[in-house]
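Listed next: structures, encoded as structure tokens.
Okay, so subunit A shows up in both of these, paired with subunit B first and subunit C after.
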Partner chain A sequence: MLERYWSITSSLLPFLWKGFLETLYVSLVAIVAGSLIGAVIGLVRSQRVPVLTGLFGLYIHVLRGTPFLVQLYVFYFVLPNTGVSWLSWDSRTAAFVALSVYTSSYVAEIVKGAIEAVPRGQSEAATALGMNRLQRLWYVVIPQALKLTVPPMSGVYVMIIKSTAILSVVGISELTRQGEVSILRFPRDVLFIYGLIAFIYFLYCYPVLRFARWAERRVGAARIVDLD
Partner chain B sequence: MMAANPIVVVDQVSKTFRQAHGRGEHRALDKVSLSIEPGQVLVIIGPSGSGKSTLLRTLNALESFDSGRIIIDGVSLSDKKTDLNRLRAEIGMVFQHFNLFQHKTALDNVVLPQVVVRKRSREEAVARARDLLAKVGIADRASHYPSQLSGGQQQRVAIARALAMDPKIMLFDEATSALDPEMVGGILDLMRKLADDGMTMAVVTHEMGFAREVADRIVFMDEGRIVEEGEPGSFFASPSHERTRAFLDQIL
Partner chain C sequence: MTWLLEYYNYRIVAQYLGRFAEGLSNTLTAAGVSLVLSLLLGTFVALALLSNRTGLRKPVEGYVAFVRATPLLVQIYLVYYGLPALLPFAKSWNDMYFGIAALTLNSAPYMGEIIRAGIESVPHGQIEGAKAVGMNYGQRMRHVVLPQAFANTLPPLIGQTAVLIKDTSLLSIITVFEFTSAGILLNSERVRPNESFLTIALGYLLIYLLILLLSRGVKQWLAGPAWNAQG
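And then the complex of A and B:
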């Protein structure tokens, strides 16, 4: 029995490795792009900029209030067929954009929450010293808000890594998709192959969580920003 | 002391706080007028909610006001052309809860605004900061973070930070109210020294001993209005208004 599992594993490993690399790639792209977009949106929302704050609010509530699978279908099936030329992207682009946009909605709320959680007295003192709005944000508020984002941000990153599995439904050859293809080759070993895949996801997510715990202790941040 | 040109002029200033959802409004300042001359120490007293902190905070435009005029060193706060940030750099403020930058050491708290606002070189700012930290008596805590300092020590750093901007006026908003009793005296001594050095000061406080000894003038506020004002001697000896008497009876 063990021998059989060993031979399955060794024959699938290069194939699953390719899937893992795609999972790694798409998750890193979504995390980087989503964090950049989300940071800008969260910053703008925390500053109560007229019009933009409301518009971004709608963006965030729609993205957080609907299933990612449905959003993925919109990016994959609907947008490319709207006739707008730059939206007629291939399936891989659709998947990358969908996941990045989804990530940005969570990051934006964390960033906004963290900025608002910095005590008012901090920016008030900076104001009284003659700093303008940008100086207050840059030198006083943002450095303190960054610490507060560490714990919730790592939670979102792990969630996004796991959400990449959903991209298998639009044919992205990531880890889950490669696993499903493997099952066609070894239909009797469904349980083992899914177990193997779950283990690989775990090997990716666990260090992220450990790193987050370490970083959290390092910056001494309190858990004050809720994910939902 | 007897300069004819006041550095602070508050003229018929009113402010109303509107509560959310239209549930009534609160008159925080009601036609308040006063002036402070260079080198003078003005002490503002009154029960909580009387508008004394609001008044102090309108002086550096941390609070807006609805009507009237405030003129600081010849510059009108309500003038649209006034650069409020530039004006605020000339006005030091010390808060009840210190408000030191939590992510900066004591030294860097004093250095940061000099570099950012006054555009001093870091070396120059550090030298000045060390000088001031020594002057307020905590040179040995320069590399500590605010969380590692007692309330009294934090307030000393906050005073040094405000002084580093070379302000023309210093505002003290209940600077000793959040301190342990044994820390109060040290901060008051520091404020007294500042006054003796000729600093123009507006002080909101509950410390009547300080008011009596240091103030050039005392203003008593209640319900957004200046009820009574005068020199400390006559103010404490023979307050002319019933509400002033009642207030002084309560806290003396």
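And then the complex of A and C:
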């Protein structure tokens, strides 16, 4: 029995490794792109820029109020159907953009929360020193806010890694998809193969989760994000 | 209104209204049953995590870590293919049961974490004070600890319920006919992505907004002085 599982594992490993690399790649792209978009949105919302704050608020509610699977279908089926030429993208682009946009909605709230969590006195003292709004943000508020974002951002990173599994639905050859294809080769060992897949995800996510908990203790678990 | 029909033909949506309603009712059933079951299992998880008995705490910690560090979709597959192998009577289950089982097992650690934090949030002085006025364990729990833990637990539990409802969309992958499946059905029969997916996105958004309103209402309700230790 054990020997059989070993032979399955060793014959699938190169194939699953390819899937893991795609999972790694798409999760890294989403965290980087999502953080860039999210940082801008969060910054704008924390400064209460008229009109933009409301518009971005709508953006965040729509993305957090709908399942990622449904968003993926919108990016995969609806947007290429609009007739706009640059939106007629392939499934891989649709998947990458969908996950990055989804990520940005979580990052934006973290960034906004962190900026607002920096004590007001800091900004006031900077004003007293004659700094303008941008200087206050850049030299005083953001450096302090950055530290506060580390624990919740690690949590978001884990959430993204787990969400990449959903991309298998539109045929992205990431880990879960490679697992599904492997089952065609070993149809009797469905359970074992999914167990193996789960184990690989665990190896990727668990260290990040541990890091998040460690960071939370260091930063002092400031609850900067209200998740409703 | 004819220009609208080109982008969003609500007449097609109207034809499928029955299927959307059926899907929505299955989504709410799956989420509702999973919510109740995961609260029960979550309470057990919370008590186990607070327990001094290593033989109880360690396995539960392992289960919590596994759920938190693996994707829900993979967990759904594991339950879908694993449960019939594990429990012979599960062979005759329909897909909905597997979906509910998977969602419950996935959601219980998060619920448990919230309940644990709620219990721990009650200051120890409260319990000592209750002891000082002569309350026994049952009275302390009923009059002092649980009301305060409840007030601290309810808002995050509502947030977790919103996550649970969104997670039910993944059950469409194991062919449970829930809300997302209704959209997929419309798209596969009529090839109208806008009417299919924008409709379900809007549906989920409405549910989310209702929960958001509920959450705000509950927060206001709980802001009364009787609920808070600090008040």
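Note that in this section the second predicted complex is superposed on the first by the 209 of 228 C-alpha atoms of A that agree within 3 Å, B and C clash if a C-alpha of one lies under 4 Å from a C-alpha of the other, contacts with A are read in each partner's own complex, and residues count from 1 in each chain.
Note that in this section contacts are C-beta pairs under 8 Å (C-beta built on N, C-alpha and C of every residue); 3 or more make two chains touch, one makes a residue touch a chain.
Bear in mind the structure is a predicted one, so any value in this text is a computation, not a measurement.
Legend: residue contacts after superposition of the two complexes on their common chain; A:124 is shown touching subunit B, with no touch to subunit C.
By the touch criterion defined above, A:28 reaches neither subunit B nor subunit C. Counting the residues of subunit A touched by each of subunit B and subunit C gives the higher count for C.
When the two complexes are overlaid on their common chain A, residue A:55 makes contact with neither subunit B nor subunit C. Once the two complexes are overlaid on the shared chain, A:191 sits against subunit C while remaining clear of subunit B. With both structures placed on the common chain, the touch criterion links A:143 to subunit B but leaves subunit C unconnected. In the superposition on chain A, A:13 contacts neither subunit B nor subunit C. Residue contacts after overlaying the shared chain place A:73 against subunit C, while subunit B stays out of touching range. Contact residues on subunit A toward subunit B in their complex (touch as defined above): 119, 121-122, 124-132, 135, 139-140, 143-144, 147. For subunit C in complex with subunit A, the residues that touch the partner chain are 65-66, 68-75, 77-78, 81-82, 85, 155-156, 158-159, 162, 166-170, 172-173, 180, 183-184, 187, 193-194, 196-198, 200-201, 204-205, 207-209, 212, 215-216. On the side of subunit A, the complex with subunit C involves touching residues 61-62, 64-71, 73-74, 77-78, 81, 158, 161-166, 168-169, 176, 179, 190-191, 194-195, 197-198, 201-202, 205-206, 209, 227-228.
Within the complex formed with subunit A, the subunit B residues making contact are 60, 62, 85-93, 95, 97, 99-103, 112-113, 116-117, 158, 161-162, 165.
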